[in-house]
C-alpha cells in the first residue's frame, strides 16, 4: 500500500511537472539587424519578420513552459563595432538565441562573440560562404549561399538566355562583391565571355560612367549585384535610360517590392535570382496574412526571418523547456518543418540548403519564371 | 568619340548637381565660416517635401508641369524656412563661440534631421513620378535625357540669378559687407543677424532645388542621400575657392567631371580617390582654390 | 523656437505618400514635448525657480572642486585607477564591452586632442590612422603570425609614418582648407582599404586575427607559465585600460613639455610662435605623427578585440564622432576629452532604450550640449582668445 501511495504521488508529481515543466517565465530571443542607417529597410523587415513569428506562435498557444516570448531587437547599423556591442547586450539580457544579422560583415564578428557564450545565432540574410564555414557550432543560416546563387544565375544565362557575353556591376560589399566574383569565375568556366566587371561605391547614386562603359561593351547580359534594392532600381533606371537594352539579372538583395515601386517601367523584364517561395502553400499564406496585417508588404528577408524564428521556437518546443545552446543546436539540426519560405532542414554545418530560382518582373509583379533544377519555365 | 561625348554629358550633369549643392555651402561658409554639415540634410528634406507636394498637387488634378513648378517653389520656400529655423536654434546662440563648437552643433543637427526624416518618411526609398521627365533623345550614339538638360539650365539660371543678387542688389551688398567684416558692417547699419539668416535661407533653397532635381533624375529619394553629395559638394566649394559663387560652380563641375572620367577611363572603384587627389593637388598649388577665396580678411 | 516646431512639423508630420497628418503626428509631438520640457527647465532655471535644486548642486560642485584642488593629484589618480581596475568585477559583460569602447575612444580622442586641441589643426580624417593601426596588426597577425604585443609598436610607427605622409602636403594650408584635405585623405585611406583586394581583402575584411596573448602563472603544474588568449571582455578590458593609461600619461607629459608648449604657441598665434623661434613646420608635422601614434595603437587593439577588421569601421562619420568627443569635452583638456568620450559612447548605449529614436535623440542632445556649453564640458584652463577665431 505504501508503495502504491508512493507511486501515485510520484506519478502526480510527474504529471504536475509535466503540466508545468520548467519555470514559467518569458522566453527571451534577440534580433540583430540594421534598424538605422542606409540598410534600415532590410533591417526592419527582419525585425518585423521575427515579431510576426512571435505573434503567430503566441496566438497558437505559445511555447510550453514559457509564459510569453519577449523580443529584444538590437540595432547593428551594419557596423561591426556596433554589432559586437549589440551581441554583448543581448548576452547580458540572457537571450537564448539571436536572429540576425543582415550584413555579413556584422554577422561574422557578432557570431564569434555569441558563440563564446553559447548563444545560438540564426542569420536570415547573410549569404557569404564564410558565415557557416568557420566551424562554429551554434551558427545557422536560413537563406541560401552566394556560391549556390551564382550557379543558378549562370545556368539561366547559358541554358535559357543562351548568352555569350556578360557585364558585371557590383557595389563593393562583402556580400555583393563576393557574389559578383563568384559569377565572374563561373561564367568564364561556362564559356561566357566576361566583358567587364565594374565596381561602384556604396552610397553612389550616379552610375552613368560605368553604364556608358557597359553600353560600349554591348553585352548579352548585365549582371547587377547590389547590396540593396533601392540601389538596384537606380541602376536599372539609368541603364534603360542610357539605352542599354540587354537582359538584366539581379540577385536576392535587389528582390524587394520597392524595386518595382521605384524603377516602375524600367523594372519590367528584369530577372532576379531568389529562393523559391511557393506562394500558394498554407505556411506562406499564414505568414503573409499575419505580416501584412501589421507591417505591410513583406520585404525580401521577412519570410526568412520569420522562418528562422519559427524553427527556433520549434527547437525549443522539442527541447521541452531546455534552453542551452547545445540542445537547441542539436534540435535545430534534427528538425524538418515546412516554413513559409522553404522546407526548413538545417545541415550539419548550419546551412539550410539553397533553392534559388529565376524570377522575373512582369506587369509590375514578381513572378516565378524559371527553375534551374528542371531547366523549365514555370507554368503560370 | 560617342563614348567620350556620352561621358562628357554624364560628367556635366553630375557636376551640375554638385554645383547646386555647393552654392549653398559656399554662401554659408563665406559669411560665417561654418562648414554646415546639415546642408546635405536640407538637400534630402527638399527631395522629400518635393515628392509630398507633387503627389498632393497631382491628386488635386493640376497639370503635371504646374505641379512640378509649384512643388519646386514650395519646397524651396520650405527648406529656406527650415534653414532659418535651424540657424536660430542651433547656430545663433553660438555666434561668438569657437568655430568648432558651431561645427559640432551642425553635426548634431545633421544627425537629428536625418533620423527625423527616417522616422517619419520610413526607411524605404520614396519613388518620384517618372512619367513627366523620363524622356530623352539620341544624337548618334549619344543619349541625352530631358532631365539632364533641365538640370543644366536650372543650374545656370540659378547661378546667374545668384550672381545678380549678390552683386546688384542691396541685400547682396549687405551680404558681401557682412562676409568681409561683421563689426564694421554692423557699424554702418547692416543687421548681420538678418543677413546671415537670409544667406542660410538662400543656400537651403538651392539645396532643395537640387534635391528635387536629383529625385527626378534618379527616380527616388532616400533619407541618407544628403551625406555623400554633401561631402562632395563641400570639396567642390573649397576647390573653387570658398565663398566664391562662380568658384562653387566651377568646382562642382570639375569634381563631377573628374569622377565620371576617372570611372569611365581609369577605374570606377577609385574614382573618388582621383577626385580627392585632384582636390589636394589643386589646393597644394593654389591654396585658396581655383577662383580665389572671398571671406572675412580679418580671420587669418 | 516656437516657429522652429512649426517648420519642423511638415518634415516630421507628413508622409510622402500624400498629406497624411495624423499618421506621423506622433513623432513631431514627441520632439515638441521633449523640447518643451527642456525649454521649461531652462526658463525656470533662468527665473531662479530651480534654486532648490541648483543651489545644493552648485554647493556640492564647489565643494568637490575645492576638495579636488586641495587633495594631492596622486591620491585622485589612485582612486580613479582603483575604480577603473575594480570596474569589470562589478559589471556584466555588456558593461565591460561598453567600457572597452569608451577606453578605445579615449585613446583616439586624446590622440586627436594633440592635433586639434593642442596644435589647433582641424583634422577631419583622423580615423584613417585608426584604420592603419588596425590593418597593420591584422596583416602582421595573419601573414607573419606576429603577436599582439610585438605588433603594437609596429602599428604605432606605421600610423606615425602615415601621419607624416598626410601632414607633409597639407600643412601649408590653413583652417578649413586643412579640414577638407584631411577629410579627403581619410576617405582615400578608406577607399584603398576597400579596394586593394590583394592586400586587404577589400570589403570582406580580414578574418582570423589572433587575440592578444598573455603568460599567466599556472599553479596547478608548479610554477610554470601558461599561455592564454585574452578573448573575454574582462581580460581585454585590462589590456585597453593599460593602453589608455599609457596614452593619458603620455599626453599629459607632452602637454607640459617644451613640445607641448610650442604646440600651444602655434595654436594661439602661428606667426608669433614662428617669430619666437618655434620651428612651426616640424612641430606641426610632429603633432600629426604623435596624434597618429595613439590612433594606431587604439586601432591595433580594435583589430585584436574584434578579431576581424573591415573598412566599414573607418568611415568619415567615425572621424566626425571622435572630433565631436574632443570638442564636446573641451579642446586641449584631458579630463574634458574623457568626459566627452563618456558622453558620446555611453549616450547612444543608454539611448538604446529608445530603439528607433536612438540617433534622433543623440543628434538633438549633441546640439543641445553644444548650445548650453559651447566651450566643452571641462574646458582647458589655458586657452587663449585668439584661437577662437571669432
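Per-chain numbering from 1; labels A, B and C assigned in written order.
FYI, a contact is a pair of C-beta atoms (placed from the backbone, for glycine too) under 8 Å apart; a residue touches a chain by one contact, two chains touch by 3 or more.
Computed from a prediction, not measured in an experiment: that's the story for all the values here.
Chain centres defined as mean CA positions place C nearest to the mean of all protein CA atoms. Look at the CA centroids: the one farthest from the centroid of chain C belongs to A. By number of C-beta pairs in contact, chains B-C lead all other pairings. Spacing of chain A relative to chain B, judged by their CA centroids, is 38 angstrom. Each chain gets a centre from the mean of its Cα atoms; for chain A and chain C, those two points are 35 Å apart.
Taking each chain's centre as the mean of its C-alpha atoms, chain B lies 30 Å from chain C. Residues of chain C in contact with two or more other chains: 191, 194-195, 356, 359. Of all residues in chain A, those touching 2 or more other chains are 36, 172, 199, 201, listed in ascending order.
Along chain B, residues 115, 118, 269, 272 each make contact with two or more other chains. Looking at the complex, you find that chain B touches chain C at residues 29, 33, 35, 37, 45, 48-49, 51-52, 55-56, 59, 78, 81-82, 85-86, 88-90, 93-94, 96-105, 107-122, 126, 231, 234-235, 238, 242, 269-270, 272-273, 276-277, 279-280, 283-284, 287-288, 299-300.
Chain contact summary for the complex, chain C toward chain A: residues 92-98, 101, 191, 194-195, 202-205, 207, 231-233, 302, 306-310, 312-313, 349, 352, 355-356, 358-359. Those residues of chain C whose C-beta lies close enough to touch chain B in the complex are 1, 3-4, 7-8, 10-19, 24, 27-28, 31, 116, 122, 169-170, 172-177, 179-181, 183-185, 187-188, 191-192, 194-195, 316, 320, 323-324, 327-328, 331, 356-357, 359-360, 362-371, 374-376, 387-390.
Contact residues of chain B toward chain A in the complex are 3, 6-7, 10-11, 13-14, 115, 118, 123-125, 127, 130, 134, 136, 138, 143, 145, 214, 218-220, 222, 224-225, 227-229, 259-261, 263-264, 268-269, 271-272. The part of chain A that touches chain B in the complex is made up of residues 36-38, 40-41, 43-44, 172, 198-201, 203-206, 208-210, 212-213, 215-216, 230, 233-234, 237-238, 241-243, 258, 261-266.
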